[in-house]
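Read through the structures below before going on.
Each of the next two complexes has subunit A plus one other chain: subunit B in the first, subunit C in the second.
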Partner chain A sequence: MVGIFIIGILMLVGAVSVVVVRQPVHSALALIGVTIGLAMIYLILQAEFLAVAQVIVYAGAIMVLFLFVVTLLTAGKEEMEAEDTLSGQRWAGIITGLVVGLGLAVVIATHSPVKLSTALSGSFGGLHDLGHQLWGPYFAMLAGVALMLLTGVIGVLVLNRPDQVNYKSRLDLPSGVSLVDAEQEGKK
Partner chain B sequence: MILEIVVLVVKILVLVAILMGGFAYTMLLERRLLGFFQLRLGPNRVGPGGMLQPIADALKMMLKEDMMPAGADSLVYRLAPVIAGFAALSVDAVIPFGAPIHLFGLTISLDIANPSIGLLLAFALSSLGVYGIVLGGWASQNKYSLLGGIRATAQIISYELAMGLSVMGVLLMSHTASLEGIVLAQKAQGWFWLPQIVPFLIFMVTAIAETNRTPFDLPEAESELVAGYHTEYSGMRFALYYVAEYINMITQSGLIVTLFFGGWLGPSFLPPIIWYFIKVIIAIFVFVWIRATLPRFRYDKLMSFGWKILLPIAFLYFVGTAAFVSGVL
Partner chain C sequence: MISVQYVVALAALLFMVGAVGVLVRKNPLIMFMSAEMMWNAAALAFIAFARNYHDMSGQVMAFLIIGTAAAEVGIGLALIVAVYHRRHRLDIDEISRLKG
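On to the complex of A and B.
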């Protein structure tokens, strides 16, 4: 129980610093800290597989890709304040946050804590149990998610397809002249 | 309870000591072997046969000035080698390096932990090692370091997929993700390298890529990037990167032995732990042999090799293994 509070505080500090810190790489680092904290909470809840999957997927893959982009973009290390393009977004954010916080506080204050069903099987969150759940009762959802991810992957391929027709029209090349020909013309 | 904690702490200290000693002498072994491969002697002046060379090297590293570039991000610059070292050391906690032994009425398993998801935990921890490289490269604020770090990110992400798929067959055959369980399954079914020969070869290739060794050492390609991500590092921080690299090699050798070559299993005239270490040393020798033989990949070739060749083959073999294990074939 104490562990959950300590990890929770660390995660909150991490989450706040993701937003507050000026250097994007530091934000990414704080976010990695949050994901690892979440994995630890899963571990405390004895969901071993979820914890490891959290680290492999989020800390091991997604955040690495984040860092890949962020390190490339911030290589100069100038700490610039981006221009506020959306006027009043800070106030809107603060007010929304306060309203949501107040709403949550009201709900917590008016509803007494109900003990949820704590009867979990011994292998809850383990590899075998999760596998049986996914391939048994939740197979349709699993197939749906797989299809959705596949659609996303194909979408990336289609959207990033090198489009030579567009190149030509942008350069105003006369029809029948390929890009290579035009380059050689230019060199002459 | 207290006895268990004492045993655990002792095991951790012994493991770290073995790994650090293993690191020092793996480096010496590699330098001597590279010497022999290139028809020269290698370091043989310090102590008998060069056996004290690692101590001399360590002393040199400790006495070097610890420098940091003026523009560097000091927090991340200091943190990065620590992350690399931590990720390298922690993976070994789940690798069993011997059959459980009986001592003072206690059964002591020769690993720090044996969780049911041991293999996945090893993957999760080793996947954190890339942060040490990419953050070190970025924090140095140096073009070559940055390029090295970025190359490492792309390379490790690409090869991790093929690596993960290549061990799926082992998981299917042993019906467990616990590394001790995998070794015990090989006791019953025979070592997995023969039925899983293609995944074994893919795992070998991806393990070299994960440890950033030749022919996949593009993050520190000295002919184009000075020294890659650790160009600016010196002294003990530089040494920590070296520790991480060599311990990663020992770890990957341990994983290869555990997953495909029966871990500590072997004829009973030698104790299991000796068999384990013999196999790991053979695997390390193969790593050095490959380094001495093959030239470096070109970067685009490396990427297309990972995505277009290794990944599809690993996937097809995985599907085939699944069909075989479930009885469809």
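On to the complex of A and C.
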């Protein structure tokens, strides 16, 4: 129980620093911390496979992709955030988010859900149970996610297809004076 | 026994921080990371309730959330890179000028 509080505080610190830091690289690193903390809480909640999947997919794949894009787009740049086009948009966003989120958290923390008295089965959260559910009653959703990933791959290829560069124009370089000509000019 | 409501409250706070990040920041990369945090908060709530009600369906939903988030990251980062190649600025308001 104490462990959850400690991990939760660390995660919230990481989450706030994702939002407030200036450099996107620091924000990506803080998000990796949040992800690792989430994996630890998954372990405490007996979701072993999901904890492993969280680390592999988020820390291993998604955040590496983020870091690639961040280094590709913002390397060596120190850009201030642009001015707001709508005045007061920032404060309106902060207040709306705080009211909604804190209200939600208070309501949840004061209403405890029904507690089951039966013991948890030993295989709960393992790969076996999850696989039975995924390939049984939830197979349509699994197929949907698979289709979505395929669509994502095709979408990325379509969005970032290379421009039609005119390679001919690169060959029209002015013909430089050769070294031999230059030497003869010098002797004269 | 873990009191699940604290974990769900943590998920709500995480969701709140992510939502504030999306509303306040103007760098599309940081907005996108905040959105990822909101996905993660939803998955955490699903897993907490799965633990409470001894039902694997919540974990199945969390697994599907992880898969969906992976697809979303691919498309979203491709969009950000495409917009950056045209406009050479990382500012979300650049996209609003697409309307002409």
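Quick note on the criterion: the second predicted complex is superposed on the first by the 131 of 188 C-alpha atoms of A that agree within 3 Å, B and C clash if a C-alpha of one lies under 4 Å from a C-alpha of the other, contacts with A are read in each partner's own complex, and residues count from 1 in each chain.
Please note the rule applied: a residue touches a chain if its C-beta (ideal position, glycine included) is under 8 Å from a C-beta of that chain, and two chains touch if they have at least 3 such contacts.
Values in this document were obtained by computation on a predicted structure and should not be read as measured data.
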- Message: According to the stated criteria, A:40 is in contact with first (subunit B), second (subunit C), both, or neither; which is it?
- Response: neither
- Which of the two partners, first being subunit B and second being subunit C, lies in contact with A:52: first, second, both, or neither? first
- Query: What is the contact status of A:93 with respect to subunit B (first) and subunit C (second): first, second, both, or neither?
  - Reply: second
- Quick one: classify A:111 as touching subunit B (first), subunit C (second), both or neither. second
- What is the contact status of A:32 with respect to subunit B (first) and subunit C (second): first, second, both, or neither? first
- Task: Report for A:65: first if it touches subunit B alone, second if subunit C alone, otherwise both or neither.
- Result: both
- First (subunit B), second (subunit C), both or neither: which does A:1 touch? second
- Message: By the touch definition at the top of the document, which applies to A:127: first (subunit B), second (subunit C), both, or neither?
- Response: first
- Between subunit B and subunit C, which makes contact with more of the residues in subunit A? C
- Residues on subunit A in contact with subunit B in one complex and with subunit C in the other? 49, 53, 61, 65, 72, 74
- In their shared complex, at which residues does subunit B touch subunit A? 71, 73, 75-76, 115-117, 120-121, 123-125, 127-128, 130-131, 134-135, 137-138, 141, 143, 146, 149-150, 153-154, 156-157, 160, 177
- Note on the structure: Counting only contacts in the complex, subunit C reaches subunit A at residues 1-10, 12-21, 23-27, 29-30, 32-34, 36-37, 40, 43-44, 47-54, 56-57, 59-60, 62-64, 66-75, 77-82, 84, 89-91, 93
- Report the residues of subunit A in contact with subunit B in the complex, numbered from low to high. 23, 25-26, 29, 32, 48-49, 52-53, 55-56, 59-61, 64-65, 67-68, 71-72, 74-75, 77, 126-127
- Within the complex, subunit C is touched by subunit A residues 1, 4-5, 8, 11-12, 15-16, 18-19, 24, 27-28, 31, 34-35, 38, 41-42, 44-47, 49-50, 53-54, 57-58, 61-62, 65-66, 69-70, 72-74, 79, 81-82, 84-85, 90, 92-94, 96-98, 100-102, 104-106, 108-116, 118, 120-121, 124-125, 129-130, 133-134, 138, 141-142, 145-146, 148-149, 151-153, 155-156, 159-160
